[in-house]
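Below are two complexes that have chain A in common, paired first with chain B and then with chain C.
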Partner chain A sequence: MLVIDALLQGILIGLLFALVALGLTIIFGVMDIVNFAHGEFLMLGMYAVYWTNYFLNIDPLLALPVSAALGVLLGLASYYWLIRYLLRGPAIAQLFGTFGLMLFLQYLAMFLFSADYRMIDKGVLVGKSYSIGPFIFDGTKLAAGFLSLISFAVVYYFLYKTKTGKALQATAINKEAATYMGIKTDKMNALAWAIGGGTVGIAGGLLVNFYYAYPMVGILFVMIAFACVALGGFGSIKGVFFAGLLVGIIMMIFPVFGQIIGSDFLGPHFKFTIVYLAYFIIVVVRPQGLFGWKN
Partner chain B sequence: MEKLKDALDFSDFSKTERVCFYIFTVFLLVFPWLGVGSFVKTVMIQFMLFSLFGMGWNTIGGYGGQVELGKAQYVGIGAYTVALMMVWWKVPFWISMPIGVLIALGYSFIIGYPLFRLKGHYFAIATICTSLVLKDIFDNWNLVGAAKGIELPIHEHPDFLYMQFKSDTYYYYFIMGLFYIAIFYMNWFRKSKLGYQLRMIKDDEDAAESLGIDIRWCKIKAYSIASAFVAVGGGFMAVYNLYIDPASVMELSLSIKIALMAMLGGAASLWGPIIGAAFLVPLDRFLGSWLGGHKGLTGIDFMIYAMLIMIVSAYQPKGIWGIIEQFRKRGR
Partner chain C sequence: MLKVTDIEVRYSGIPIIHNVSLEVNKGELVTVVGSNGAGKSTLLKTIAGALHPSKGTITFEGKEIHKLSTPDIVQLGITYIPEARLIFGPLTVEDNLELGGFILDDKEELKKNLEFVYGLFPRLKERRMQLSGTLSGGEQQMLAIGRGLMSSPKLLMLDEPSLGLMPKLVDEMLEAVSHLREMGKTILLVEQNVFESLQLADRGYVLQTGRTIKEGKGRELLETEEIRKAFLGL
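On to the complex of A and B.
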């Protein structure tokens, strides 16, 4: 019983992880850049919904467009003001460049909103729970899982069924060949950052319904997202979806195992350790990930 | 003997560089007697400590060209070995520090073996992961003080066995000694066989392999050397701060800072990490003390710091040393 409950909870949170990691994997696929600041986009998305809810009394779920728009703007601004210049340099400079962006956004949030932990306390679903059969779900988590799934599906449809989406895929597979077909790399890069920022903005808006917003929250989720991206295979959209689910399940189920065998070592404070370890083992044993096509 | 000669031989540098180095050495020697305040002295100690870290990172990150972002775990290993052995068994610093270095070496071999199957981004993120795993374990392990950390027992003032002093001047000369040993070692290292092999690997792995260089083994060796360096610095941190916790010696930001010192100064050059530390450490500390104290200005210092990182990465990835060399070429 406990195990099935953890499994279902893991799937719900896993859907959200997949949405967080989606942007990261698209950006990586298109331009081979690891965006350290991805978690900070998430954090600002959380704050966007928090403050809309706080000042305008709008339900957190209806405030999602605000965080999505903020995410898109952040993505575009980062691309045009920073990433374009970083692309000329070596890989190590790119890593440090996005790392600088991460630090900047963290402390900008610290400066603007202080280091307080903030959580939404009013909203249609906040604090409500529903029982389905013998299982009890938080309303906010159900909504987060469901809306994550829809957002993911929309992006998936866009990437695989529309012309622009296909152009983006083409750039990811082979930049030069795509250029010969008349696809402008620069525009595709910007598009990748816009989608990446937008999706993670939505994820942040969903997350703030049941998790604290604070300036340093990003690093935790960006590490989980890295694990998902690596597990799914860098650049793979399908992969990141299943990887997100898997990571969510692993995270929820390990503490339950710990409870069952009565071991403190598998306690809840180690749930992130397990994600990191999973990443390490996966990339060492199977570096291309589950669905990877890029090396 | 030959090695020692190599280590002390700076003749392949230009005359300006050598003169600057000598002046810098004299400056460091007399610095504590210039009547500076204790805050400035702390900044200088931090500067030399971070140069030491940066020089260590430079072996694998600079000469080897591997984006290594997990050095904090070895700082932690060095610091915790010294602290725990002192608390549990009253082991003097001069015994526990080498043991810490040995543990760091052993651990780096174990971690390095699977780690160097990976390349590029995979490698960079994996190094972060290993470091965070160790931090999580220390954060929750009650035996070693968990997140509360451990305090070192205080000894009588000039204690050369446990390296505990009231005055920063002692610590200053102690870290200065380590700093110069590191410089001489790196001076030898860059001319050693491994040094050349690493640069070859950085330029073209396939070519290096075809010449019969065991790439993975070379990387592991460089990684272990870097870890040993950093563990020495960690041991120093333990006796200098007299208190350590996972947040201060194992944090991700420490790993990043270490790599950043070398990167910003100029990776794969002897002076790079020193220049980087000479620039970043005072900036960090002075900005922190000027702006951090004001209410409502928290975070501004780090924002400026972050802006600098972004600007340097975008415009001069070779770091400050790259800028200097650019000017030199133009002068010729």
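On to the complex of A and C.
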């Protein structure tokens, strides 16, 4: 029973991890750029919903469009004001460029919001829990899992079923060939950043319902997202979805095993060790990731 | 229709094309022949806007295009089918074709073009839902040509469509090209198969180390001493 409970909790949090990692893998897929500031987009998405809730008394779930819009704007601003210039330099410049953006946004948040841990305390689902059969779920986590799944599905539909989505995929597969189709790759790059920022903004807005917002919160989640992207195969959308679920499940289930066998080594404080261990094993056995096609 | 005048093209500073001029008129099949490294692919890429000439001009229907980007040139009606084919391997055959018609908004025209491509290469229709990366070399070439036709181009530029194919498929591919010509398409063809392509073409240009050394009617070029010596070993 404990294991099934952990599995379900793992799936819920895993859906959110997948949504966090989605933008990272799209940006990487289209541009071969690792966005180190991705976690800071998440952090600002969290603050966006936190402050909307704090000042305007709007329910955190209804404030989601604010974090989504902020994410899109952050993505577009980063692309047009920073990344586009970095593209002219060597690959290492892009690496340091997004790393610099990460530090800038962290300290900007520190300056604006101080280092305090902030938690949402008012909202229809905050503090509520629901029992489904023998299992008890936090309302906020249920909502986060469900809305993550919906957001992911919307992006998936866009990428695989619409003309612009397919053009974005074509750009990711082969930029040169895409231009021969008449696709403006500069626009596609911007679109990748807009989707990347928007989805992680939503993820932040969902996360802040049950997790503290503070200026350095991004690192924890972006590291998990990096593991998901690598596990799923760089640039793979399906891959990042299943990798997110896998990471969520591993993270929740191992402490339960530890509890059952009474071992401290599998305790909750080692849950990230297990996640990164799984990541290492898959990277060694299958370097292209579970669903990777790039390289 | 297309007029290339005295262009020089540099690749990382080194001139690959020194001085090339050529002209393609509406409805013509023009071929550019030459040995490896003569600058044939560079020429097509320059017309397609992937490279820009350091000297000279390129005009299409009277409009200067040598400073435009590739997507803008595609919009004007020139498609380039690259030598490396560059199909979108992880996507299906039909998705590849749809992407070929990216610049078209007219659904009816897209449908018509799709039917046209499937009529030209029935094998693509059989495999329309297959991932294009799993196609054979010949089928990938058919897909590359089909994809290039999807945008209803006014000028089709084909870069070595027979490269790396077995002899039977080479003939099939060149037949498809000549079929397209008969249907009134304007085509600029680059080929290493000097003999076959000059036989097909209305006119031909011979490129050597980045210069046009000869031009003329396709079959007449075949008769000249230089061509026979340099390319046909006669």
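FYI, the second predicted complex is superposed on the first by the 295 of 295 C-alpha atoms of A that agree within 3 Å, B and C clash if a C-alpha of one lies under 4 Å from a C-alpha of the other, contacts with A are read in each partner's own complex, and residues count from 1 in each chain.
The working rule: a contact is a pair of C-beta atoms (placed from the backbone, for glycine too) under 8 Å apart; a residue touches a chain by one contact, two chains touch by 3 or more.
In this text the structure is predicted, and so the values were computed from the model without any measurement.
Student: Return first, second, both or neither, reflecting whether A:Lys166 touches chain B, chain C, both chains, or no partner chain.
Tutor: In the superposed model, A:Lys166 contacts chain C only, not chain B.
Student: For A:Met181, is the partner it touches chain B (first), chain C (second), both, or none of the two (neither)?
Tutor: The second partner, chain C, only.
Student: Could you say whether A:Phe135 touches chain B, chain C, both of them, or neither, answering first, second, both or neither?
Tutor: In the superposition, A:Phe135 touches no partner, neither chain B nor chain C.
Student: Quick one: is A:Phe257 in contact with chain B, with chain C, with both, or with neither? Answer first, second, both or neither.
Tutor: Touch partners of A:Phe257: none, neither chain B nor chain C.
Student: Quick one: chain B or chain C, who's touching more of chain A?
Tutor: Of the two chains, more chain A residues are contacted by B.
Student: Hey, which residues of chain A end up touching chain B in the complex?
Tutor: Touch list, chain A to chain B: 28, 32, 34, 82, 85-86, 89-97, 99-104, 106-108, 110-111, 114-115, 215, 219, 223, 226-227, 230, 234, 267, 269-270, 272-273, 276-277, 279-280, 283-284, 287.
Student: Okay, in this complex, where on chain C does chain A touch?
Tutor: 48, 50, 69-71, 74-75, 79-82, 86-91, 95, 98-100, 102-103, 147, 151
Student: If you look only at chain A, which of its residues touch chain C in the complex?
Tutor: Spelled out, the residues of chain A in touch with chain C are 163, 166-167, 169-170, 173-174, 176-185, 293.
Student: Which of the residues in chain B come into contact with chain A in the complex?
Tutor: Against chain A, the touching part of chain B is residues 61, 65, 67, 69, 114-115, 117-118, 120-122, 124-126, 128-130, 132-133, 136-137, 139-140, 252, 256, 259-260, 263, 267, 297-300, 302-303, 305-310, 312-315, 317.
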